[in-house]
Amino acid sequence: MSAATARTAILLIHCADQQGLVAAICDFIARNQGNIVYLDQHVDTHRGVFFMRIEWELARFRIAAEAIGEVFGEAIGHRYKMHWTLSFSDDVPRIAIMVSRLPHCLYDLLSRWQSGEWRVDIPLLISNHEDLRDVAERFGLPFHVFPITPESKARQEEKLLELLREQRIDLIVLARYMQILGPRLIADYPDKIINIHHSFLPAFPGARPYHSAHARGVKIIGATSHYATVELDAGPIIAQDVAHITHRDPVEELIRKGRDLEKLVLARAVWAHIQRKILCYDNRTVIFD
Amino acid sequence: MSAATARTAILLIHCADQQGLVAAICDFIARNQGNIVYLDQHVDTHRGVFFMRIEWELARFRIAAEAIGEVFGEAIGHRYKMHWTLSFSDDVPRIAIMVSRLPHCLYDLLSRWQSGEWRVDIPLLISNHEDLRDVAERFGLPFHVFPITPESKARQEEKLLELLREQRIDLIVLARYMQILGPRLIADYPDKIINIHHSFLPAFPGARPYHSAHARGVKIIGATSHYATVELDAGPIIAQDVAHITHRDPVEELIRKGRDLEKLVLARAVWAHIQRKILCYDNRTVIFD
Amino acid sequence: MSAATARTAILLIHCADQQGLVAAICDFIARNQGNIVYLDQHVDTHRGVFFMRIEWELARFRIAAEAIGEVFGEAIGHRYKMHWTLSFSDDVPRIAIMVSRLPHCLYDLLSRWQSGEWRVDIPLLISNHEDLRDVAERFGLPFHVFPITPESKARQEEKLLELLREQRIDLIVLARYMQILGPRLIADYPDKIINIHHSFLPAFPGARPYHSAHARGVKIIGATSHYATVELDAGPIIAQDVAHITHRDPVEELIRKGRDLEKLVLARAVWAHIQRKILCYDNRTVIFD
Amino acid sequence: MSAATARTAILLIHCADQQGLVAAICDFIARNQGNIVYLDQHVDTHRGVFFMRIEWELARFRIAAEAIGEVFGEAIGHRYKMHWTLSFSDDVPRIAIMVSRLPHCLYDLLSRWQSGEWRVDIPLLISNHEDLRDVAERFGLPFHVFPITPESKARQEEKLLELLREQRIDLIVLARYMQILGPRLIADYPDKIINIHHSFLPAFPGARPYHSAHARGVKIIGATSHYATVELDAGPIIAQDVAHITHRDPVEELIRKGRDLEKLVLARAVWAHIQRKILCYDNRTVIFD
C-alpha cells in the first residue's frame, strides 16, 4: 500500500455523503486498469461529509495522466458534486520557509531536505531579520530579508507576495516566524501556510506561551502545527504533541524542551502536507494515515 | 461512521490481493441498499494480502440478515477466494476471565462490564487459586477454581474445556493468569484467547519481567496484550504501551506502575476484539481504527 | 530509598531559601541517629523559596515520635522560619469520595483501595444523585446523598461539612462530582480536595470540554487533576496526561478514551497526596518523585 | 536551582551508603560560603550505594577552584571512601562524532552545537566512509575517514586513538556509526562513548532491528542511547523512547519514524552527559534531573 515506487495518481475528494460513493470511485479506477495502492476514507456523520484519499499506479492505467482530471470529472466528480484535487507522486512541492531569529526548526527542515528524507524543493528562505543568514549560506540558499515596521508592513508584504508568485511557491512554512501575516497573503495561500505554535492550543495562544505555561503551573507543555488563518493561532490543527515537565523546570527549561517538540510537530505537519494526506473543512483537518 | 445505533452487519475479510476487490464489495452492499457506516482496508503489499472491515446498516438492506452470509459468498466471497467472518452489531460476546492471584486487571474488566462501558456477557470467572473469590462474589459471579498441579493439569484442562463449551464462551481473557495453557485449549480457541504480558515484548518474555527489566537498567517498562499461541509470549501482538521509569524506581515501583499499564493494554485489546476490529494472519494483527 | 518497611517520619518543609538549610536539617536527623531513607529538595530560585521532603526511620531515632515536632521546631524550624508538616508512615488517611453519575473513576479508586494497592480508609461515599448507590453497596460502603438545588445548596453543604468532620476526613476526592463546591467547604479543606477535570487545563475549563475539544478540532485530549479552589478549574495542578485522537473520533469516542485518562490522572494525584509528596505554594505544586 | 549563570563547581559522588553523608557534604560547602544551586541524591538501598550530584556557586567560596579537589578529599572524600569527579560549569567538553552513511543524527547534533543550544566543542568528524563529507564541509569541520576492513581494523583503530588523544577528546558520540569498536578504544574511554541503537533494548539488539520489529509484528518501536561496552548493545542505558506504529507501517515507515526517535534519544543522552548529570555503576545509570 505504501512502498509504491511506480508513478501514481492521488485524488483527494470531499463531498456530501451519499450511497455508492466508494463503489463508484473504486469502480472507475478498476475499470481503467488502475492498481489501487492506497485507499482511505472517512465520513463525518454529524456533518454528512464524505472524505477520501485514493492513490493508484499509472503504469497500465488506460487514461493518460493529463486527461485523468477531465475524465474523472465527467464520469464521477460532477455527478456527485465533489470537490477534488488531483496530484501525482512525482510532483515536487516548492516550499518557502519563513523565519525570524530562532534556528532550531529551520535547521531541522533543511536537514530533512538536504539528506533526501523529503522530496521537495526549497528555493529560498525569507526573514524579517538578518540573524539567520549564516544558516541560509551554510545550505547555499538565497536569503531574502523583509524588515517589518508598522508603516512598511503592507508594502513589504506586497513585495513578498510577488516573490512567492515568481518562485511558484506551493507551500509556505512559518518556522517560528514571529510576525502576523496580513490577510492578503493568507487569502492567496489557503491551507498552504503551515505555522508552528509553541503551546498545546487552544491553551496559551499568542505571545510567550512558555511563560504563561510556567505561570499557570501546568505539568505538560506542547506544540501545535496548524494552517494559518486570519484569526491568530485559530486555524485548522494538523498535529500536536506534548512533553511532561515538573516543578523543577524553570521557564528556560520549558523553552529548551519545547524546541524539540516544535521541530517534530512542524515536521509532521509538513510531511503530511507534502504526502497530500490532509483535507481541510470547517476549520478542522482530516489527516489520512 | 461510528455512532451507528441502528443494527449493522460487519464483515471482516482477507484474501489474496486482486484488482477490483473494494469496488466489488462496496458495489454488493450499495446495490442492495446497505448504507456503509464503516469501511477500512489494508493491503500488505509485501505478502500480497488484502484485508477489509466493512459495516453497514441493515434497516433498508434488501437481503435478510440470516441470508447475508450465503448470498455474499455466492456473489463475491467464493469468486475471490476470500476468508470472511460475518457478525452483527447486536451480537453480545460471552467472555470467560481467567485469573490467579492479582486483582487489578480483573477489577478493571469487571468495572467496564458492570458500568455498561462494554456490551458483553461475563458469565463466569475461572482461577487456579481461591484468592479472588471475594471479587467474584462482590460482582455476583460464579467463581470456578481449577487447581493445577503437574499431575492434574491435563485432566483439569479437560474439565475447563467442557465448562467453556457449556457456557458457549466466545472469548477467553487471561487477566494475569499465571499458568501456561495446554495446546488443546489453545487449538480450540484460535485467536480467541487474549493474554496480558507485563513487558514490552519481545523483551523480557517468561517469568518475572519487571525483575529482569530492573536488572538490565532499562528506562522504560511496558505491557503487551496478544493472542495466546502454543509458543509462550510469542502470539500475535494486539496492543502495547510503555511508561518511563528512572533510577529511583526499585522493582516494587516498576510493579506498581506496571499495573496501570497492564490494565489499559489488556482493556484496549479486549475492546478491539469485541468491536470486531482485529484480523490475524502470519502471527501478526491488523487492528482497524 | 523507597522500600522502607520500618516506621518512618516524614517532614514536608518550605521556607525562604537560605544558606545551610539542607545541612542543618540533615545534621539534625543524623545527630539523633535517624537513618534517612528519602531526601528530595527543590529551590524555586525565581521566588526564593526552598522545599524539602525528608523521611527517616524511627527505629533507632533518639527522639520519641510524639516529641519530634516540638524538638524539630525548637532546634531548626523556628530559627529558619519554616512551614512544616510532620507525618508518619503508618498514618492512614481517611478519604471521602464524592460522585455524581459517572462510575469509572469511582470503580478505579475503590479497586485500588480494596485490592490493598493503597493503604487508606474510605469510610463513605457522597453524591448528589442516587445513581451509584449500587456501586457503594457492592463495596459495602455507606452512601450519603445530598441532592442539590439552588435553594438547598447552602444548607446541604452545611450538613455535608458536619458529616465530613464527624468522619474525621483528611482528603476529599471529587471523582467526577459535577457540582461546584461552596467557598466554605473549600476553605475548610485547603489543599485537601482533589478534583479531576476532563481536559488539559487551562484549555477547555468548565462544562463539556470534550465537546469543545471536538469542535476545535484538536489532535490531543487530556485530563487534569488539581486541588479545588474557589475559582473553578483554576487550582494548583497535580497531574496531567493526554491521549492522541484523530479526525475519525467523534465526540463519543473522545468521551470513551477520556475515561481512561481521567481514571489514571486522578489516581496519580491521590497517590502522590497520600504518599505526602505534594507541597503547594502560589497556586502551583511541588511533586516529589 | 538551574539558571545559575555564575561559575559553579559540580561534584558527582558515589560511595557505600553511610549515615551522615548528605549532612557532611552540605556542611562542607555551607561552611566555606558556597551557595548550593543544585542538589540531588539517590540511594540504591538494594546495593547499599549512595549517589549525589551537588553544584554550588564559586563567587564567594572560600576555597580556590584549583584546590577544591584536594581539600574536599582530605575533609570528606577519603574519610567516606568516596569516588568523586569534580568539574566546573565553564569546562567545555570536546566531542568527536563518528558516523557511517546516515546523516540524520549528525545533522541534529551539529545543529544543536552551531545554534548555541549546547556549549561544546566539536573539533572533528570521523567516519569509515566518504558519504557524509559534504555535511562536514557544510559545517566547516575536518572529516577524517578510517576505512575499516577485517585486516585493517586493528591498525586503523590505533590511528584513530592517536587522533582522539591528540585532539583531547572528552566524549565520543556514535551517531549511527555502523562499526563495532575494538576493546582497546572502549577501555580508553570508559563511560565516555555514547551510542544510539535503533530499538528499545534489550529487544532487537544487533543488526537490522526495524526489520526484526516488523517481522515480530510489534506495535511500538524504540530507540536506546547507552554507553558503549565490549558487549554489543549491552552497555548502561542512558535514555529510551518509543513511538506507536500500526499494521499499516511497512518496514520503510518504521525506519522513517525511527529516525526522529534516534535523533531525540541520542541528543537527550549527550545533553545529560555534558551537564554532568550521569553516574554509572553496575552496568546501569543514575541520571539526575
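When the chains are written out, they are named A, B, C and D in that same order, and each has its own residue count from 1.
By definition in this document, a residue touches a chain if its C-beta (ideal position, glycine included) is under 8 Å from a C-beta of that chain, and two chains touch if they have at least 3 such contacts.
Predicted model only: the values in this text are computed from it and were never measured.
J.: Any chance you could check whether A-C or A-B wins on number of contacting C-beta pairs?
T.: So, comparing the two chain pairs, more contacts are at A-C.
J.: Hey, which chain ends up farthest from chain B, C-alpha centres compared?
T.: D
J.: How far is the middle of chain A from the middle of chain B, if each middle is the mean of its Cα atoms, in Å?
T.: From the centre of chain A to the centre of chain B is 37 Å.
J.: Just the number, please: Cα centre separation of chain A and chain C in whole Å.
T.: Chain A and chain C have C-alpha centres separated by 42 Å.
J.: Which chain A residues touch at least two other chains?
T.: 1-3, 42, 44-46, 246, 248, 250, in rising order.
J.: Across the complex, what residues on chain A touch chain C?
T.: Residue positions touching the partner: 42, 44-46, 200-204, 216-220, 222, 236-242, 246-248, 250, 283-287.
J.: Quick check on the complex: what are the chain B residues that touch chain A?
T.: Within the complex, chain B contacts chain A at residues 1-3, 19-20, 22-23, 26-27, 29-30, 33, 35-37, 39-45.
J.: Per the contact definition, I'd like the list of chain C residues that touch chain B in the complex.
T.: 1-3, 103-104, 107-108, 111, 114-115, 117, 138-139, 246, 248-250, 252-253, 256, 259-260, 264, 267, 289
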